[in-house]
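Please find one structure pasted underneath; my questions will follow.
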């Protein structure tokens, strides 16, 4: 790990040349896995994530079934080689928390009543990490759910805003996350539903407002990309 | 089955009340249950606090021991926060390694302390790269009647305010008060039927689709946020929640943490 | 940890001023937790313990049920901050053994036939430890069981005797346990039933007899305190 | 169901016999099954012993390796005792981490060795604060027909008597006999129908409500006791058990441990 | 039940085809599915490769970090191979610690690298007894359509060929290509109805009683073998499998590993 | 651990005096445990192993049952004191793999259809290890299965061949395994069925052939010893 750069924003540009309110480049591929019922590979900047959905399917330890609706499960997992210092395989406290809040970001969107006693399983693998893996994972998972044909009330789109050098920025990358002053990942469903909201660092209330509005704009851009990717894959009508 | 019917009736009742800005225990929407804090209850710990919010009861112990710094922060002390949802505290808690609820609780409390700058990690360095203070914040839930995060976060900062660096024990001079730089307060708001209410009790927690915890610094800045639950909020509700919580955080900080 | 004091008994008095056959001060509060079916907070000397009872209640993995009677479970657990050096959370070999012998000290007393297929769960948390936590836990658990209204054949009362500086003492505290020559926790139910008996160290047979009789007297004193606490809480008739 | 009836009939039978001071296998109440000990059976271990008490069969291996002392006892060696109730030994044993039965077994055996002073931990110090001998006592149960504690404890002391300090392997001079300072013997007594009987076999163990294990030093002092089981004893029974066990311990020590 | 009937019919069908030297997907018995390899796909890893064999897809990452050598090989680097059968890759994979399938996969891949001499462990020593390179080979299965071992083994050697020693990161000079000394290739053969076929797809794997994996060095010597499955082979079949696999290994090595 | 000897083969003799194609001395005792349904203690050279079989018996987590036949389970376990450096108790990756391939070496031989829904459990404990524990364990397990009266299609016999100093040898011992160039354990059932085959090291194809044929001869010798041991125990007709 190199030391902190003197400045993270120079003349309104960030280290990677982005403007303050600019997303990193996004690449989306839907339906890339054979075994999964739905899948999506997504890159945003240097993040590379794979999402797969299995379900609706039978739930195995029967006592976790719910009589009138499906349960949603979400597993966020980092490949050991996805980060600078090799990560020990298996879940840790961070990934367990991320799995929880990510699952909760989908719970209000999946129409669970369609599949009593069943499970919808969402698996997200972080193949390469560069800040923003949980939001990238949610964006990919959203498309994998669509690819699997799981009935949804809307597409979940996720993005973070942060603060570096005292300025509010969209979609922080690794250096900005490491040396920034605040980070706030959110997930939105159109028109105005917040399904994930986390934040840490230091925001005055005004900064919070600015960041929150910026993050929502980011989500809207992501949403548009998700929609285009679905159209490209399934045509304007979406998958039947 | 009849359990479900009772639950359903209770749920409707609480939603009906909320529509009229009322709550089952008579509180206003922006009213906490009674809060009490007792510090120094565990003399074996370097710092401790017992916090009660209504019937919710949490014991936080702070242990401080010398240890090795992390390789990438050789000049900084270490904070480790852990929460145990022991089965003594609720019929729904089970033995075994911490599950997502306990982990989320510990991590939100941890971020509150860490991100607010309550502890200056540089001051916890004893010898760079070799020895630093490790501050263990252990949250022991004794009675679970809702809103654990606020109780645990309050217990954590109160226990830190109560804590001593045990220099004598390690032949490093006199014991000294742990220096606390900020006073973060967490306030949790629940959404029920479109209304927001602070400090949800267990009954309310069981039916609310969405909670939002906000942590405020002394300067009224936001140090942390965590939405939890299977529901969603509008932007307007988020802004409203922040205003509501900010006010409560100030009151609690003033009443319980700034006395000294 | 300071070194061993030269003498643990000076002129017939112990380091904390107690006589050889004297218990540490005891404080009892019954019914202190809302969620538990029964509870008791107990201090003895510097030990602080909380006991809670849940049950009779349904047993979850069905194969642990017993067709004709309740099962009794007991979990002794130390809070990480309860001792000088922070204890890693979770059960260790010591706490598993203590849980076993403590449970067995209650098994003959709980009238299990009343609740076929059910479980009676006893949870003991050691909040602060200063030697004698297992006996303190049993004493608290006994009252939590009464508070929960679980039918019992008698109150279990527990106390240790030890040997320091060659002399038999009642209710050893930490220094006496660390530097003493023997420790023997027992549990008794009136009139003369030993339900827990452990010992380690070095007792001649005469010393054993002396210690055993002393420990029984300690249990009798504890029993009286337990009884008074129940009367104070529920009146002379006890809880119905 | 019919299993239960058979068990019930067998139980009654054993209780009836006990009333008449008799046992199903013809032993007297104070009579052990045949005991045999073979030492040095595992040449890869620094010490080893195979103990049979009737059909119960236990293999104890002692491994001795250099290691770091505990910080609070820098001048003392370390004893670590472990017991495995492997599924090979009984249809009721299961794979997996040790459960309370195996843990209790290991801890009682450990306390017997430790509290009796059988090993002088100070003699196991190689370099204060840096390097000490770690003595691992591993109890491997091969066939479980009751009374594991006595067999394991006997195996442990026999394996220690058989053990060498492997100095050569670590370039510290010649191998030397491990110095054993006392000869603790554990004797377990079971209560059946008010009668006490030593060395319960499996059948007896399955029906006895209460066992009491007592460990005696060479000087006939008590070094350890452990009541187990869901029953209780009167004071009188405790005293009686101690007399019974003390006598047996002496016999066993004389016959099997003092030969050398 | 009807699932079983379908499975039974499919099984018969595949057996019938095999009798006629045919396969359901039209391949010859000694024909692999399409193989593709992409290297350098994970820039955070020191080396990486994505391998597809038909629809089977495996990502192998190589992380290289300094660490301590094992005490008994102070002058040798360390290889650690791990495989995760993550539930994303198949409805039959479950979360949790690796089970026997994942462990066997990792260990066979590991032995292939190790026994072939692909890495010269002596060259991975930085400072004898103090610091050596630890080479972590992590196999991440993304899509499971049979024949994981061949895909993972191919990914492992391709990722090693792609890997750099990260000297710069640890202030030890310039990054350097990891030196790879041999090019082991694993070929798996399945037995169905007395016929041998290479590269079984999932459908074939599910019904074959016996697989045999063989790993070959550049010099056509055998570096590793592993029979798996609940069936058996005749000696003749073993010899036949080796000839078949040796030929395939040469082809794959030439096409995918010797290009550079 | 001493260093590598200069030569492992001197004048056609190995360090322990054996010829290249010679097995180590074998000792077999059948039926040595009371509780097990079948058991066998076996030594080969310095290896000492104990095998026990329980079954056919009920399978506990019901979902592991198979409707039409028994399942076979196999647990290979090393005693902590069985090797130079004490082994941590419990399964590790090596023992899990060995358990798998050993189980698979018996699967085709056990007539599973005789016992629907039941389990046949094979437990192998390595009491002392000196190279060749998996093959020793299989040989003992084979006899323990016979002792338990489990119907089998044949006796499984197992043996390894290896390469040291460039020469093919039978049944490598520890030094030969450590410093040798190849090791290949196999298991055979008469007349010509390979049920286990593993190999690592370096064999030219000719060497492989030579080693494979030698290992098969070793298995044949083991088979004869197994047969004799059964006859000695049960008479020429075998156990009914």
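Per-chain numbering from 1; labels A, B, C, D, E and F assigned in written order.
Here, a contact is a pair of C-beta atoms (placed from the backbone, for glycine too) under 8 Å apart; a residue touches a chain by one contact, two chains touch by 3 or more.
Values in this document were obtained by computation on a predicted structure and should not be read as measured data.
Trainee: Give me the set of chains touching chain B intersected with the set touching chain E.
Mentor: In this structure, the chains that contact chain E and also chain B are A.
Trainee: Could you tell me which chain lies farthest from chain D when each chain's centre is the average position of its Cα atoms?
Mentor: Centre of mass proxy via C-alpha means gives A as farthest from chain D.
Trainee: What is the chain whose Cα centre is as far as it gets from that of chain E?
Mentor: C
Trainee: Go ahead and note the Å separation of the Cα centroids belonging to chain B and chain C.
Mentor: Roughly 32 Å, centre to centre.
Trainee: Would you kindly tell me how far, in whole Å, the mean C-alpha position of chain B lies from that of chain A?
Mentor: 26
Trainee: Between chain B and chain D, what is the gap in Å from one C-alpha centre to the other?
Mentor: 49
Trainee: Which chain E residues reach two or more other chains?
Mentor: In chain E, residues 98 touch at least two other chains, as defined above.
Trainee: Could you give me the chain order round the ring, chain D to chain F and onward?
Mentor: D, F, E, A, B, C
Trainee: Under the stated contact criterion, what part of chain D meets chain C in this complex?
Mentor: Against chain C, chain D makes touches at 72, 98-100, 103-104, 106-107, 111, 114-115, 117, 209, 212, 217, 219-239, 242, 246.
Trainee: Quick check: in the complex, which residue numbers of chain C touch chain B?
Mentor: 33-36, 46, 48, 50-52, 54, 57, 75, 77, 79-86, 89-91, 121, 123-125, 127-130
Trainee: Across the complex, what residues on chain A touch chain B?
Mentor: 1, 93-94, 96-97, 99-101, 104, 107-108, 184, 189, 192-205, 207-209, 212, 216
Trainee: What residues on chain D touch chain F, complex-wise?
Mentor: Residues 41-45, 48, 55, 57, 59, 61-63, 65, 82, 84, 86-91, 95, 97-98, 136, 138, 140, 142-145 of chain D touch chain F in their complex.
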